[in-house]
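Below: the structure, in structure tokens.
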């Protein structure tokens, strides 16, 4: 079948709603299992890092939150592009749903990072390249959310946010690279990421678990937000009214 | 079926779940004038913006010379002149400068003579160098209407062109419309005035408001 | 590209905007005054020690210039939206790209350029060493033009909204970061006696890319803003 | 378990505050996400119900 | 003063403005975000060294808060002017003073106050020592309220002009200077372990004087702006 | 000579050296309606703003109940209701909220019942909770006109009240004016419509534009 007809099927809110309904329990179960299991494993069973002591256990949420937060922005931009190019309504819904989730995860990454910084670096905040970039990523998310809220018209809001998300996505690599370059100019000798080499494989396994769990959690939330938004948008259709009022 | 004008087929538009119009179909050919009527809030402005290509929130088809609008935007724009609610003029620039820019944007160059004669027609000779903010409501509207005479086009879409225009002015504008139509132009307009128009014209009534 | 029609179109739009802006006066003088005033607030907030100010001058000057450009960029399309000129631009059979390019350039001519030319004066006020003056001006000229184009994207997205103002900042500021980094770094490197050409070259690249690509995004954004 | 007892697990050699705060914040933020998602759904459902109700009453009116 | 009619008038105006501002959302969140973003631009321009940032933090935080308040104050009367509500206020048989007071207070509640409450977070980002946090917040609360009233005078004067925007800065910034000086000095003194109560007291005086006298100036300015 | 209404004596106003009107004198008493007529740019808006006390660029005298306006601003405002070109409504607030504020500003408290009946009169029942930005041009104008019914007053000064109002609406408003006048109110208005008004009314014609 042609691309457009596949898109048509995937883009149909009704089809998506029903399909995602079947996926939902699995996502919820798996993500909770991996997140909770990985966390317990990481908190209680893994030996501490020889340099950082027990504070390193924050890694099991810090790293997954950071990674997913980054990936989410790109996903949002891609959804925006799909919406603009193929005029697929579902993509707009997905894009709108990602923004608050991504912002929350970015905030979590910032928060856990800051808390981790106190015992390791002796300060809550450092204008380190990676940290600065995440902060800017957070601003980018806030921009998309604020722009969406500012519009009264939903379709115009979606298109405008798509443009912004794409422009932002084009800029992210440039921002990262320039912040990195900036930091390397100023880098004080005392502070640096200790480097991946120190991670022992026994520490790595729970990390893999929570990382996968966080991705699944993101997927779960995405479906929940998207489905609520679909209901809202399609509220005048018979199928939605049947679902809600059970006829 | 080579129709030479604007053809609207099964047009549907809604706002916040209230249907403004649905299954709206009509045709506007060269040499015709159509008045879109309806009470406040019935969707006249919405319809005109759709037909001008400014709004894309509609279902149904709009054809220009037999082809869909979305396919031949450029050709259509070449022949369309839309004057909306807004004044479309910079307050600090004079009528002359404003019209010069209006022409340039349409790709029309070097026609000050035209502009002067247009300003004369709308009764603004003597005001052509005065900044527009110091003109009255009706005079500003007239500057905007002067575009009818500087920009050659085949289809005029006018949203309440008589707003703020005095009685003598209204009669004049009706005469212009009449002249344009008899030269083979097509006009689509809304107004709450009772049109006194020499030729025949049809009325598309958007009727009362529907709640959906 | 060298179509005489397009060139005269660009010229007409540029001319109208420059004339309107000159006649209003505020539009070009305000960013300038803002730049001057905010720069002179810093000694009051931070303290008057010359050596400390000198050290901070590149950063402060660049951040404030960036803010001035940002705040000014709210007005690129605002007026044209309010008086429905934008409608006319969109309904013109001419392509939007050159019109938008011309408008943004006109805006930069009236805001970024005067600001860049004035910057050495403020450098003096903040005790910026003489070696920094030329790179400051050069980096601001290239940088503010890139900023104008990026800012115009945000302006186009928010022009249809009641109260754009600070929303624009929110959208656009993160995108300004690379320009700020390379701009202030050029000046700092120059002061420390280093080679600042690479930074200027980077700014040049930003400038070219922004000039070429931003009008596309702006055109799209304007269409969206008007279609509500 | 790596730790000798529960108290040691809580204390984590003095780093407990940081670690447990982080995990607490995580639970809070992820929990807020779940709650917000649920609220959005409820809000949408509420609106749909009112639409259906309005439709029913208005169809009675017209009869 | 305790006339129930006046109090209910103040309440009605306050309520309408707060509701409108909450409903728009942007109006109160944007100055906040602006504050956060611009504060985090400075390290990029100046460099990431913690000790240097800590030294500059009071100055930067205060200047940026002042700018945020300044930019926000453009909108105190703008909307009401555009939709001719101001005309109604002037034509009301009720005195203008309480109406203006209520409008300005509502504006401060939606801009200056949230900004002050958030400031310790930003202090953290700029490595402001913990001793500075409380004085920072206290000085901002008193200071931004005074700034709001002074800014409203400028807003009232420029509201009738096309493109107020930056013109406002020009008028108002010089008047902001005393507040800036005492505000940043309070924080600096606190960090250095000194007694910062005198500065706070001065800010309190500014605050009281501005609240009592500014509405008079604002009323006059509004009358002038509408009579054109 | 205790006249109960508005008395204009030898009023003069100019704009940029162009005299708009001079030696203008007329009187508006309770139970009367006066239409200010004149082509675009003849100074109607200028005159109305002077009489409402919004503009002070004039020479001559304006008396209210025999005393100069400038002396008794407060009394005058208590009895005046001016509706100008502007909409006077906040776009994000609903008609209800807007009118509540309008009343509060005039010192009128707790009259939601009044406001509802006013909204019903102007045909906006069902829209009272919708934000005003989503109303059409005419509907927004109607929100503004609803003030005529919530705010007790003796003198209405209306600048083109029929702008953007549909035909049925115009007839209704004329009826309101008529009712108000027969209850002893005084009305001063401008419009380019031909008034069809049941009682007698006078016209003050500002005439053609003078160039000076």
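Lettered A, B, C, D, E and F in written order, each chain numbered from 1.
In the analysis below, a residue touches a chain if its C-beta (ideal position, glycine included) is under 8 Å from a C-beta of that chain, and two chains touch if they have at least 3 such contacts.
According to UniProt, the chain labels map to these proteins: A = Heme exporter protein C; B, F = Cytochrome c biogenesis ATP-binding export protein CcmA; C, E = Heme exporter protein B; D = Heme exporter protein D.
Predicted model, so just to flag it, every value in this text is computed and none were measured.
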Both-way neighbours, i.e. chains that touch chain D and touch chain A: none
Higher-contact pair (C-beta pairs counted), A-E versus A-C: A-C
Copies chain F and chain B - interface residue numbers shared by over half, same or different: same
Centroid-based (C-alpha) most distant chain relative to chain A: F
Centroid spacing, where centroids are CA-atom means, of chain B and chain C in whole angstrom: 36
Distance from the mean Cα position of chain F to that of chain B, given in whole angstrom: 30
Chain centre separation in whole Å, for chain F relative to chain C (CA means): 45
Centre distance in Å when chain B and chain D are each reduced to the mean of their C-alpha atoms: 53
Residues within chain F bordering two or more other chains: 85, 91-92, 131, 133-134
Residues of chain D whose C-beta touches two or more other chains: 51
For chain A, residues that touch 2 or more chains besides their own: 139, 142, 146, 150, 152, 179, 182, 236
Complex contacts: residues of chain A adjacent to chain D: 35, 39, 43-48, 53-55, 57-58, 61-62, 65, 100-101, 104-105, 107-108, 111-112, 115-116, 118-119, 217, 221, 224-225, 227-229, 231-232, 235-236, 240-241, 244-245
In the complex with chain A, residue positions of chain C that touch it: 153-154, 157-158, 160-161, 167, 170-175, 177-178, 181-182, 185, 217, 220-221, 224-225, 227-228
Residues of chain E touching chain C in the complex: 24, 26-27, 30-31, 33-34, 37-38, 41-42, 44-47, 56, 58-60, 62-63, 66-67, 71-72, 74-75, 79, 161-163, 165-167, 169-170, 173-174, 177, 180-181, 184
Complex contact set, residues of chain F against chain E: 52-57, 74, 77-78, 80, 82, 84-93, 97, 100-102, 104-107, 109, 131
Interfacial residue positions of chain C with respect to chain B in the complex: 5, 8-9, 12-13, 16, 19-20, 23-24, 79-80, 82-85, 87-94, 99, 226-228
